[in-house]
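Attaching a single structure in structure tokens format; questions to follow.
Letters are used for the chains, namely A, B, C, D and E, taken in the order the chains are written, and counting of residues starts over at 1 for each.
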Amino acid sequence: MTSVEFLQWVRGPGLAIASIIFVFGMTLKVLEIFMLGRKKNLAELRSSGVKEGFRTIITRFGAVDRFTTRRTMFTHITGWVFHVGLFVAIFLLTPHIELFKSFLGFGWPALPTAIVDFVTVITLITLLIILFHRITNPVLRYLSVGEDYVVWVLTFLPMLTGYMAYHHLFFPYTWLLGIHILSVCILMALFPFTKLTHAVTLFFSRWYNGYMGGQKGVKQ
Amino acid sequence: MTGTANDSEFRKQLDDLSLAQQRAVGARFVHSVKDLTDDARIDVAIKVAQDSEANNDEIHSAFKSARSAVLDCYTRCGADADWATQASYFVARAASDVVMPEKEISNNNPAWQAAMHSRMARTCAVIDTDTTEEQQETEQQHRILDHFLND
Amino acid sequence: MSEATLERGIKALKEQIDAPVASFFSSCVHCGMCAEACLFYTETGNPKYTPISKVEPMRRLWEQEFTLIGRIKKLLGLSKKITDEELSEWQELVYNSCSMCGRCTMVCPVGNDITYMIRKFREGMSAAGHAPEGLIGATTRAIQIGSPMGVKFPALKAQAGHVEKEVGFEIPFDKVGAEYMLLMSSMEIMNYPEYLGAVARIFHQAGKSWTISSEAFEATNSGIQIGTSDLARELVNRIVEAAEKLKVKTVISPECGHAYTAIRWEGPNLVGHPFSFRVRHILEVLDEFRKDGLLRTEGFEEDKMTFHDPCQLVRRGGVIEQPRNLLNMVAKNFVEMDDHGKMNWCCGAGGGVSANEDAHELKLTAFKRKKAQLDELHVDTLVTACANCRIQLEEGLEVNDMDIPVVGLTEMLAEHLVETDSKQG
Amino acid sequence: MAYDKTLGELLREQGITRRGFLKFCATTASMMALSPSMVPKIAAALENAKRPSVIWLSFQECTGCTESLTRSHSPTIEKLIFDVISLDHHHTLMAASGYGVDEALHDAMKENYGKYLLLVDGSIPVGNPAYSTISGVSNLDQLTEAAKGAAAIVSIGTCAAFGGIPHANPNPTGAVAVSDIIKDKPIINVSGCPPIPVVITGVLAQFLTFGKLPEMDELGRPKAFFGQNIHDRCYRRPFYERGQFAETFDDEGAKKGWCLFKLGCKGPVTYNACATMKWNEGTSWPVESGHGCLGCSEPNFWDMGGFYNSLSTPTIDIAKTAAAGLAAGAAVGVAAGALNRRKKNKAAREHETVTINDLEKGAKS
Amino acid sequence: MLEHMATDSNACGEGDIFTGNVAPILNEIRHALQRLLDEDQTTTIDLRGIPMGPGEEQHLESLLGTGEVTATIDAMGLSTVIETSLAGVWLVVHRNDNDDILGKFIEITRNPTILESQTEDMHSALERLPGILADYS
């Protein structure tokens, strides 16, 4: 298989399969969650809780209390830097916007490619630091299972190969672009079956959290 | 002997006493229910409360040991209640009232507190039998106060 | 005679899996932040106390039974079955080292309500026979005798008699048509009878009719702590029947943490229908009196004091402002601890931990978090509104030889009641 | 057909002065993208290079490559090369027709067996040979036969090199590239649709002068011309870096000469010499004239997802696949959800009320 | 001569779009000239291999300017050799029969080889001289 055939496969069938599995898996996940249902709260409530639920979705992005935040400052900062970096690389890079435009029908302005490139470097470094932290921190070592490291690789590879593709690093661009798209396909295919689902389910979870608290009059 | 008929009279008289006097009469109340416990720390508290020259440190240390006595025999949440030990809990609390350092005394005077806790101790001891015992303890306390005031 | 088996435990747990649980387990990214908010981890430094790992067996049950990918993995023999050995190993994590204080729930970045899941996991644990000895004893006594500490009505009657002499008026038992029905916790009846005196005098001043039901005076609900809804339902039913028989408007939950959660928040869902009466914590009622001008106090406490928020009452119960409003009526120098209100730190003894003998050591270690808060503040008095917290605080302070008296808020208020119209003798 | 004379002798016979020969070597070196310092070596090599016989076979082709070669902007070179190389067979260019053509072909092959250079343009239909036969002989047979005696084969144009447009989906004729059929001969792929004229003559000159295969990339293309990525050599690259793109063919950006990535330019995945050697005598090249590169020197360039869809536009309709995924997910999801609910409700139905006697393992008295 | 070359600059892209390659070439010329003086070593730069935007080549040539020597060679099409305003820096442009540019070089040398008379040509001249002599006498 030549580099061009490989690239054409991943840009075509590869991406098709990945997008099917991704949407299939996420729909399945959302249905598997909501069809389990939830009992109605018969107690005399202080509020319906619906508004507090949405409020928690926002507040939970930030720090909650000083003590815990001081002890988890590392996780806060690296978490923010890495997620923002991921967002910028995916949604504010011209080629990616073209991709979204192709199936969404609309696009949006992009950041200059050099800035996204710089952000990508920061994100890659942060990811490495995060991995080191997961390996060395006692709590994280106790908590982490194989999937955590697999997911780390799934997230790291697209960023790395994307960076290499942009800079035509070590290999011809055709191979690199193909490998980059392949790594994204693998990420999409495994997405609904790993903790990556948190990208979607965290909104449900935060809402439930705020909702249950709000009913009892505890705003957070 | 003119028993002070009711508690409010009894309480007013106790309020009029000086702190040292309150400690002394309170110690006697504790002494009258001492039979319900065999904790040595209670005797120490009684002795210190009756000794009018006891300095603050002695009172403080007696108070601390009384406090630990209280904590040793309270009924743990969810544990099967044993009213006998619970009685000793109230005796320990009465003892700690009489040796409570000045700054920690809230507006109730220690003697009255000790009286109340002593009566509670007596109530616990007989909780399953009749309730007249507690009445006798009350009258006993009134007699103690009269003795204290008169001699 | 039936007995607790693993199968019954698993089945009970299956009933508990619902949409929030599925969403929580789908969101956890193993970031470890809940550990940093759990005093059992911060004070011991032992990673096994990481909150989310305390519900790991439940997570596996959800994955294997309620997700397609989980079922497939199970068919392929890739999944680890839940065993009795594992559940007995988890008993220490789910009961001894979790006071269900809810702090991890407030901190989790993806919003997982881990406390909600611990409560559900205890349903499975207890049905599988892995509840701790202490709690089983307490629950048995609660069902058979009516109080987890075996307090019978005559004992309460005697204590009430004593209080009547002290306050000078009658403690109303079984008064049909009274506006409020007071519940007591066994801890208060046994260790802090002054509470009853305080409440009596406050109600007397407020001129509000109240009563105590001789058939259902116990507020605590070890069924909730052990995590068996069937038993919790039975305990709550007694209160409901008594309240309806006495036709009261409001049932008051006493100075106790989990009792409030049990009656107000879980009660209606346990019995399956909304209550015909209100359920209020004593502090909520006192705050209502304050607002209506029925709680007239005089004089101020001079010394510097702070308030320990009982978790079940404040963070899990929503009674946040009331304690502050009441405290400011009688305290001049009231200061807040660093983390207070809905982000307070637990005393270490709630959620059944204190009823659990083998958790004694761990409970005192957990207290070090509260000690650190108090060391920072140098207060003269510590006020709280839960008998179980109070005992734990007193014991903790005593063990760390810190000389701070612990006072119940209701008692303190009672001491400052204006004595004008209350008849003596 | 005097094959024994060397190129040098032939040139002198035609009155080409030494100076003319030096000019020829300089421009040839430049054409072969070799460094000027190589000119003496080229002069020496050309001096005594034998005059090879060249056979040009055309199969499924549009004569675009021939057109490109004959109009190559170095006619002197072309004239020379045709004079120098004995182009013994080329359908379009040769005067003969009918059987004479076949005879010329067979004579040339027989006479220079093992030494001639076989040039092929156009893809070979293996689906059904009837699609393209010349005087009764299918392209396939003609190629295999001609290849036997060839010293080396040069596939001129993407059709011969990779199958090109006939090979594009759905490839009705089953068109394949030369390299798919001939496995035992050295093949130089001079892809492009058509290849840059200079590139064709450059490869020939290089093979002629050095007599051996040039260094080739993984697709068998001479690195001298196909080693560089168009995107890397494009003069509009700074605009790509700054994120300045033409949105449509006549907008402000396009007028300012901004990057054409969004208009489907395949520069990043294409390897060719257009950006440096340019077309039409160095006049310009597609990007410089405002149109994105089509990637014509790459295999399957016709199926790279549309000339005007940017490289990042997938070649499949994600909206459609996503919808399919959604439908399947919903179906399976509802089923799985229903199963879960049934399992949960069954557990609730069979709920065994826990009494205080059921709290411990082992029957309680 | 130079204007003629200028016409071939392409039509599209009206301004000078810079690939930034002019400066490096000038630097290379400077080093080559230095080498010529120090080690008497000649250098040839093939402008075809260097990508330049439209107009940049003309810009380079205008920078180099024209010096004293301009020569044309008629061999297989016209070739022009001019010494730029920088002594030792020659611009050699080869064209074919119909005036298409085959190659454009910058030679840094004392005199470009293409200008020198070639030995073989001189030999063939030597062979023809007797004939010329014969015609003359």
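In the analysis below, contacts are C-beta pairs under 8 Å (C-beta built on N, C-alpha and C of every residue); 3 or more make two chains touch, one makes a residue touch a chain.
Small disclaimer: the values here were computed from a predicted structure and weren't measured.
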Problem - Chains touching both chain A and chain D - result: C
Problem - Contact-graph distance - origin chain D, target chain E - result: 1
Completion exercise
Note: of the two pairs B-C and A-C, more contacts are counted for A-C
Fill in the blank from the handout: With centres defined as the mean of Cα atoms, the chain at greatest distance from chain C is chain E
Practice task
Considering only mean CA positions as chain centres, point out the chain farthest from chain D.
Solution key: B
Fill in the blank from the handout: Per-chain Cα centroid nearest the overall protein Cα centroid belongs to chain A
Handout entry: Centre-to-centre distance between chain D and chain B (centres being mean Cα positions), rounded to whole Å
Key = 105
Problem - Whole-Å gap separating chain A and chain C, where each centre is the average of the chain's CA atoms - result: 38
Handout entry: Centre-of-Cα separation between chain B and chain A, whole angstrom
Key = 67
Practice task
Would you mind pulling out the distance in Å between where the CA atoms of chain A average out and where those of chain E do?
Solution key: 60
Problem - Touching two or more other chains - residue numbers and ranges from chain C - result: 17-18, 66-68
Exercise for the section: Provide the list of chain A residues touching at least two other chains, using ranges where the numbers run on. Expected result: 28, 32, 34-37
Exercise for the section: Identify every two-chain combination in which the chains touch. Expected result: A-C, A-D, B-C, C-D, D-E
Handout entry: Interfacial residue positions of chain E with respect to chain D in the complex
Key = 8, 10, 12-13, 15, 17, 19, 44-46, 48-54, 73, 75-77, 79, 94, 96-98, 100-103, 105, 113-114, 118-121, 124
Practice task
Write out the stretch or stretches of chain B touching chain C in their complex.
Solution key: 6-8, 64, 67-68, 71, 74-81, 83, 86, 89, 103-104, 106-108, 116, 119-120, 123, 127-128, 131, 134, 138
Fill in the blank from the handout: chain E partner, complex, touching residues on chain D are 12, 16-20, 22-24, 26-27, 29-31, 33, 35-37, 39, 73-77, 80, 233-236, 257, 275-277, 281-284, 288-290
Problem - Touching residues (chain side chain D, partner chain A) in the complex - result: 218-219, 229, 231-232, 240-243, 245, 261-262, 268-269, 271, 298-300, 303-305, 309-319, 321-322, 324-326, 328-330, 332-334, 336-338, 340-341, 344
Fill in the blank from the handout: Residue set of chain C touching chain A in the complex reads 17-24, 26-33, 35-37, 41-42, 45, 47-48, 50, 52-53, 66-69, 105-113, 116, 264-269, 272-275, 278-279, 315-320, 338-339, 342-343
